[in-house]
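Would you mind keeping the following structure in view while I ask a few things?
To keep things simple, chains are lettered A, B and C as they appear, and every chain counts its residues starting from 1.
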Amino acid sequence: MPHIIIEYSANLRDALDPASLVEATHRAAAQTGAFQPDAIRTRAVQRDVYRVADGKPNRAFVHVVLRMRPGREPEMKQAIGQAVFEALCTELAPAFDAYRLGLTFELQEIDTRFRFMKDTPTARQIGAVSAGKQEGKEGKS
Amino acid sequence: MPHIIIEYSANLRDALDPASLVEATHRAAAQTGAFQPDAIRTRAVQRDVYRVADGKPNRAFVHVVLRMRPGREPEMKQAIGQAVFEALCTELAPAFDAYRLGLTFELQEIDTRFRFMKDTPTARQIGAVSAGKQEGKEGKS
Amino acid sequence: MPHIIIEYSANLRDALDPASLVEATHRAAAQTGAFQPDAIRTRAVQRDVYRVADGKPNRAFVHVVLRMRPGREPEMKQAIGQAVFEALCTELAPAFDAYRLGLTFELQEIDTRFRFMKDTPTARQIGAVSAGKQEGKEGKS
């Protein structure tokens, strides 16, 4: 259940489209093949009150966190990170040109021992339930 | 000083009341008995720009993080998590029905070696100060 | 690339100025000398839907997280934390008086093995590039 959270300083609003940024980042994560595409949840949030470095108006930031289950090899994590980072750089090219933009991107791992999940059952799962075959999806995983 | 942070995708707005969700989650955490009730701080934030899975309009997410001091036994952490998770599932039942909703909930531990806290002193504490008995509440804990 | 994220409950809005709080916190972090001043990114976000303790209207919270690279000595981390915490306490003095305010502040470390960064090149760097001397700034660091 990877989560991607994008924060951006409000001055970037004229140099980026938040929905496009979300879509490009989301798609890049999906295209790594490392995740169940169904599981990715990406969002962007604008920061209206902020200060970057010396506070000059052309200073801007984008900060992105990707949280995912632990256990992947470092090489795989690097590959995931690099792919998503390149998509961010491409999407943010106009913002890098128009502002003194600092982009940071972190991969973080979730402690799945203490993580709980539930999804709306799909039609297929509901069918299986009717047939008495579904295993519980609710609970820790 | 447990913190509970709830994020939800904006399309859920017609299927949940954020204030009720905050209250139910907060109460469930308090009722575990694991925390000083006075110490719990819960908030909800709507994500207006997001993408879940294939981006279809009925795709929705709720993501909840509970941060607490370290040192509890795994069994206690499971019990806390399960109790709060069940409250979330109950409160979100209409949203699970109306949307393809994915709920995720993480317990995280705070590194209290590098945590600082200060509270407004209570009347009782102010009285104790007047009597010269209070120990400093400010600083790391 | 330290990041400072400030959350505050909406009822504090008449007892604090978010921009001043951001500036004071940012400046305190810069004045520790522990960071490249150019690298600090600070933002504040108001939480409109929240519950603190028993939910009474005078209950308020401020929660601050400072994320920085790992590897500093515990004494340095304590000194950084204490300096920023004192600035927060000073800036929030009116809010501590007007509300039952709980302030919490956490230092967290970034796993820089899986962190990616890119900055808009400065004029100096662009000059160096023209002269064929710049090392790549893009990528993991």
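The rule is simple: a residue touches a chain if its C-beta (ideal position, glycine included) is under 8 Å from a C-beta of that chain, and two chains touch if they have at least 3 such contacts.
Treat the numbers as computed from the prediction; the structure is a model and nothing was measured.
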Same-residue or different-residue interface between chain A and chain C, half as cut-off: different
Magnitude of the superposing rotation for chain A and chain B (Cα, nearest 5°): 120
Mean-CA-position distance for chain C and chain A (Å): 21
Sequence positions of chain B contacting 2 or more other chains: 45
Parts of chain A lying in touch with chain C, wherever the complex brings them together: 7, 9, 47, 49-55, 61, 63, 74, 77-78, 81-82, 85, 89, 96-97, 99-108
Chain C contact footprint on chain B (complex, rising order): 1, 3, 18-19, 22-23, 26, 37-45, 110-111, 113-120, 122, 138, 140
